[in-house]
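One chain, subunit A, links the two complexes that follow: it is found with subunit B in the first and with subunit C in the second.
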Partner chain A sequence: MSEIRIYRRPMAARWWARNPTYRRYMAREASSFLLFAYALTLIYGLWRLGQGQAAYDGWLTWLASTPALLLHLLMLIAMVVHAVTWFEVAPKTMPKTGLPERAITLGGIAAAALGSLFVVALAIWWGAWR
Partner chain B sequence: MKRSNEPFFWLLFGAGGMVAALIGAGLVLVTGLLGPVNLIVPGRAIDYAHAHAFAAHPLGKLALFGVIALILWHSVHRMGEVLHDAAHIGAAVPLRIVALLATLALGWILLAI
Partner chain C sequence: MSERRIRIEGLRYNPEKDTQPRLQTYDVPFTDDMSLLQGMQYIKDHLDGSFTFRWSCRMAICGSCGIMVNGNPRLSCETFLRDLLPGPVRVEPLENFPIQRDLAVDQGRFVDTLASVKPYVVPAQEKPLSAGPHRQTPEQLAAYYQYSQCINCLLCYAACPQVGLNEHFVGPAALTLLHRYNADSRDVGWSARADVANSEGGVWGCTLVGYCSQVCPKAVDPAHAINQNKAKSALDYFGLRSLLGGAR
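Coming up: the complex of A and B.
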């Protein structure tokens, strides 16, 4: 009796590297690793916050260090890649509105820019006047 | 037919993706770049007194929990997909367990502040 042999279509390990569309797809999906790292970073910071001022001040010192700033720069790039690609895909994933796809994408990116600007403005107010 | 639980995880993925898209860049700027170096955003905004006051308020806790948990669940969903597509690794379930544990830890940490 022969073994059951399942046909497996051959696939190159870096199949996505050859085609620009697939590279874009991979950049979009890879941004999720930095988003994940950012969520864990915030949870760790809150944990230090709960341990008192000395622990939290140590955390702030780390945040101002070069490796931490570089890491957050990468996270910022990932967030921007995420926002742009999110609204590029949105017209294809959301219910049809009749609006042109380009309008949804540009509107979404504008909303993202305003949303982030709002967060920064809120933080300036929170730090300067409260 | 057994009901699929995928729509639930997809809802978290979608909500988290929207939150990250709309305010993610601003959050990273405040907590990781401008705040720590005291540029544009005053360092005072994230010092101990301000961070503690924010996280001690019930609405602050709710906002922190919602935003961080959603970004977390969004990212593990995508990581599961990209590991499957790029490396042929099936990690969706372990990643969901990680996200669940991190969500529980986040809730516990916030309630303790």
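Coming up: the complex of A and C.
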């Protein structure tokens, strides 16, 4: 018997453009580049601080310039996209708690959320006014 | 009542004649209760007997009739022509698989990797037959039941860009079966299939696109099954798994 001839369809370079789920996925992944840029911006500021007051003030002046503000606006949008899209897939990645299902109640979730909020508020208060 | 028709564009590829696939158009009369599969069967019975596609049960159980419908992976038996109006309807073979003829693909990639995930219970304890059945609590059943509903239709492979981009990726359905048996209380668990999960094409081949879980006709959620194992694989990598206790 002769070998069956098969045809392999090539994958389009822009495969991600044709499906909304793929586009959302690419937005999630691509937004990480702008997050990286933000991290670099902060690290650069730290480096300038190490060089003395004048260098640090120069960095602060640059932060207030129009291009820097525009860049920060873009980075903020990327941050929101990144956070929202990752938050959406969190239920798929979270390991099981091992708790029985009936142990997780609406009241328990609300109490945990309020408790976390309280801890965060306490941390901010301690950081700002201690 | 006048007869209603819908246009179906089918991808055709004859390995004996064609060097590449082409599209062929058919006008198919239909009624409200007709599935896309029935429309394709009309083509085969009345318009063109050489039009090739797979099907068997006609009720979303056998997993044979998966195709791309207007670019999305679907079971043709549970897709209705009335929902595809006004048409035309583009039917193509499942993406990321080599085409054998028309809509029939070579499923070798899935079948060849299936054995590697040991898709059967590797017993935690050998019990003699006389000891009776292994009993499970409803919670123990719930831990794997959803993943045992896979019908191997391979829509998730067609939905997964990583299957197309990374030839070593084990793939959504096989990795879901890996999780199905790992999560079974009768099974040894993680250690039985750790080599596959930790491999280059294992759970880390998944980049969490998530489209597999959207297209699954049985609501199996392969993305969840695969990503549940990433935490375990990471613990394995740092050698922490045995430290935290247990092979499960």
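Just so we're on the same page, the second predicted complex is superposed on the first by the 86 of 130 C-alpha atoms of A that agree within 3 Å, B and C clash if a C-alpha of one lies under 4 Å from a C-alpha of the other, contacts with A are read in each partner's own complex, and residues count from 1 in each chain.
The rule is short, and it goes like this: a contact is a pair of C-beta atoms (placed from the backbone, for glycine too) under 8 Å apart; a residue touches a chain by one contact, two chains touch by 3 or more.
Everything numeric here is computed off the predicted structure, so don't read it as measured data.
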{"item": "Subunit B versus subunit C as contact partner of A:Trp16, first or second or both or neither", "value": "both"}
{"item": "Subunit B versus subunit C as contact partner of A:Gly107, first or second or both or neither", "value": "neither"}
{"item": "Of subunit C and subunit B, partner touching more subunit A residues", "value": "B"}
{"item": "Which superposed partner A:Pro95 touches (first subunit B, second subunit C, both, neither)", "value": "second"}
{"item": "Which superposed partner A:Val80 touches (first subunit B, second subunit C, both, neither)", "value": "first"}
{"item": "Subunit B versus subunit C as contact partner of A:Ala39, first or second or both or neither", "value": "first"}
{"item": "Partner chain(s) touched by A:Phe118 [first = subunit B, second = subunit C, both, neither]", "value": "first"}
{"item": "Subunit B versus subunit C as contact partner of A:Leu60, first or second or both or neither", "value": "first"}
{"item": "Contact residues of subunit A, present in both the subunit B and the subunit C interface", "value": "11, 16, 29"}
{"item": "Contact set on subunit B toward subunit A in their complex", "value": "17-18, 20-37, 40-48, 50-52, 54-55, 64, 68-69, 71-72, 74-79, 81-82, 85-86, 88, 102, 105-106, 109-110, 112-113"}
{"item": "Touch list for subunit A against partner subunit B, complex", "value": "11, 16, 26, 29-30, 32-33, 35-36, 38-43, 45-47, 49-50, 53, 56-57, 60, 63-64, 68-69, 71-73, 75-76, 79-80, 82-83, 86-87, 108, 111-112, 115-120, 123-124, 126-128, 130"}
{"item": "Touching residues (chain side subunit A, partner subunit C) in the complex", "value": "4-9, 11, 15-16, 18-19, 21-22, 25, 29, 89, 91-93, 95-96, 100-101"}
{"item": "Complex contacts: residues of subunit C adjacent to subunit A", "value": "13, 15-16, 18, 20-21, 71-72, 95-96, 98-100, 106, 139, 142, 161, 164-165, 207-211, 213-214, 221, 223-224, 227-228, 230-232"}
